[in-house]
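Alright, structures below, take your time with them.
The two complexes that follow have chain A in common; it is paired with chain B in the first and with chain C in the second.
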Partner chain A sequence: MPDIAFLALSGLVIASAIFALEAKELIYGAVGLAFSLIGVAGLFVLLGAEYLAMFQVAVYVGAVVVLILFTIMLVQRESGRIVEEEEPGRLGRAGVLVAGLVALAVAGAVIILAPVSPEAPESYRVPLRELGVSLASSYAVALVILGLLIGATVLGGLTLAKIDREEKPSGTAQ
Partner chain B sequence: MEPLSSYLIVSSALLGIGIYGLVSKRNAIRLLFSVELIVNAANINFVAFARYSNPPILSGWDIVFYSVAAAAMEATVGLALILVAFRLNGTIDVRRLNRLRG
Partner chain C sequence: MKRLQGLPTFQELVSLAVRIITSRTFLEIVVFPGLLNILLSAALLTWLERKVIARVQLRIGPLYAGMWGILQPIADGVKLMFKEMIFPELADAKLLMLCALSLMLIAAAPVVAIPFGDGLVIANMDIGLIYVFAVISLFPSVILLIGWGSNSKFSFLGGLRSLFQQVSYEIPMWLSVLGIVMLTGTLNLSQIVKAQQNVWFALPQVLGFVVFFTAVLAELERIPFDLPEAETELVMGWMTELSGVAFMLGFLAMYTKLYLMSALITTLFLGGWLGPFTVPQPVWFVLKTFVVASIIVIIRGSFPRVRVDLLLKAGWTRLLLLALANIFVTVVLILLGLDWVWRV
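The block that comes next holds the complex of A and B.
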């Protein structure tokens, strides 16, 4: 018997993902993306990974979506109009076709190839202690590389966002 | 407890939605939305496979930590690029940002 929570969460994930891409206003689209990511966090909770769900909400909804909202506001206030334009119908149909084919192929492969419902332990929660130990021991190198990546990202973002007041190309928005 | 394949079907639906956005949208920010959706589809797969192994595999959760962090970095750089492109061109319509076309 299908679980109500699972059905509701997957419905939320998929419906708000579609809304994020199809909403007329980009701002509402960003809010839809936030709801979709919260739904994914809920699926993580169902899978017994509460800590991962908290991480997902903090990083995605707390940081990424807020950053996207700031960017939308910056871009729209400067241009004074919504950047989005009408998509040609041909492109939309091609997109639906490609996406449907890929999704069907993946789902079909999953159903055919997946091991027949492996028996999972009924109730299981991620042992946080062992997770932390493995993050700091087996994957210590990856953790350090992740730190370097974050440093490089901060530097890159600062460099990109820096406004060169002397060499500003004339006649452009800014 | 749901069977494993139901999680995998949700994740392939999310992948399909993301690919649809990448193919048919013109706004650079919506392309970024699509990339985030695809990354999340992959994360659902990692967590589901890790949970349904017997005994559950801890590495599945570890890799999602790194994946979420890397996706946040990617979004940051992407948004900075979008801002610069907007500053230089006055638009973020990717079909009109074709200055490099040969």
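The block that comes next holds the complex of A and C.
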């Protein structure tokens, strides 16, 4: 059962990642990225890191993809098709061929050498309570520094927003 | 690997199928807390909303289909399924269908973690609360995509408004339940319900309750926070260009979300399946959920829409402040040693 789930999720991750890179329209690329990230969250669940998986979904799919979508929509105003098709030259084709061969070799080596199912050993499955305790005790300094970093980022964002507002002519406010 | 040596006989397959269909997990997924329950409840909520709003406005509401018009949602569903799907020429029909479908999936997925009774939950996860919030946080991107893919100014404006609203109200929503997690010391929704054996969390967490309820109204895009589909300005908001089955999916997803959010309020603040009399637990749960949903509907019938700047101001200053005050109150409760009542 984990085998099937693992293969299906890996297929989803790889296929949607390729789709994200190859999509002509950037919006589709973002959608592909979202699916790929959801697949990665599924792999985390298989590995016994449910907590990480949930935050992968909440932060990456729920927030970062929204940010990417928003950026694309702001930048591309008229038509969605700005990316122009470019015929790869002879050298480019050779490069793609070599890259494909190398990827095949690596994939083959991984499939032959590694077991298919990445069942996590029991010792790796950390209960959430222990995770929280260690985060608040032995990694407390790192946690505080991260908090400060986020606080600084928010302050920076607020400052930028404030500068924008002050530069506006007075008549158009509100 | 045994199965590979000999193919299973027909009888073996049939008995396997029967065993799967009659197993508790299958029934839970397909019938009671799962699919059938979600779809029927969402359909019933559309009827309830029309009936309640009609009463508020001194009308009668749906009347002819079945007793008190209770079969109206089924008639509507059949009608929408047979309608032609019309997409504007420059709209992205494939993207719209994909998004409408995933909207329904996202709305239904969190019900997996919600306990309808002691042990009556599809997946009793230790991180149930985070799971529910993580899935809910997928809504804005899908709605934004619908707004963009429709290629219509009404849809796009609605999608943008929905994005702003949901993203900014998610923060107070997450913060307002932090008090409960601090009091119980768990993220498991079943444990959170069990912790309310003596006192429901609506009482000690009254600030959190108010913040959560308000944030839920905003997340649901309901009056007084229905800016994303303000009928007088944006036709139907991000749903404007959806039609036929795509519209049905989007519409049903919003009512599934209403059901889900009511169930979440019931679980977190109103004692879940717990009740005074010897009534089966799921009955209590569903009853409370529908009462909460009715209150949300009555609010729709009685309040005007807020302005967009007031909405964002309220979310980022007032609600955030109240949620932080709630955390402070909880810390005081714990320091006074009163948290033994809810500790599991």
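Rule of thumb we're sticking to: the second predicted complex is superposed on the first by the 105 of 174 C-alpha atoms of A that agree within 3 Å, B and C clash if a C-alpha of one lies under 4 Å from a C-alpha of the other, contacts with A are read in each partner's own complex, and residues count from 1 in each chain.
Criterion: a residue touches a chain if its C-beta (ideal position, glycine included) is under 8 Å from a C-beta of that chain, and two chains touch if they have at least 3 such contacts.
Because the structure is a prediction, the values reported are computed rather than measured.
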| item | value |
| --- | --- |
| Residue contacts with chain A in the superposition, chain B compared against chain C | B |
| First, second, both or neither for A:136, with chain B first and chain C second | neither |
| First, second, both or neither for A:144, with chain B first and chain C second | neither |
| Which of chain B and chain C A:27 touches, first, second, both or neither | second |
| First (chain B), second (chain C), both or neither touched by A:50 | second |
| First, second, both or neither for A:66, with chain B first and chain C second | second |
| Overlapping contact positions on chain A, where the chain C interface meets the chain B interface | 55, 63, 127, 174 |
| Of chain A, residues touching chain C in the complex | 27-28, 31, 34, 50-51, 54-55, 57-58, 61-63, 65-66, 69-70, 73, 127-129, 174 |
| Chain A partner contacts - residues on chain B that touch it in the complex | 1-10, 12-27, 29-30, 32-34, 36-37, 40, 43-44, 47-48, 51-56, 58-59, 61-62, 64-66, 68-73, 75-77, 79-84, 86-93 |
| List of chain A residues in touch with chain B within their complex | 2-3, 6, 10, 13-14, 17-18, 20-21, 26, 29-30, 33, 36-37, 40, 43-44, 46-49, 52, 55-56, 59-60, 63-64, 67-68, 71-72, 74-75, 78-79, 83-85, 87, 91-92, 94-96, 98-100, 102-104, 106-107, 110-111, 114-115, 117-122, 124, 126-127, 130-131, 134-135, 138-139, 142, 146, 149-150, 153, 156-157, 160-161, 163, 169, 172-174 |
| Complex interface listing, chain C residues touching chain A | 95, 98, 125-127, 130-131, 133-135, 137-138, 140-141, 144-145, 148-149, 163, 167, 185, 187, 309 |
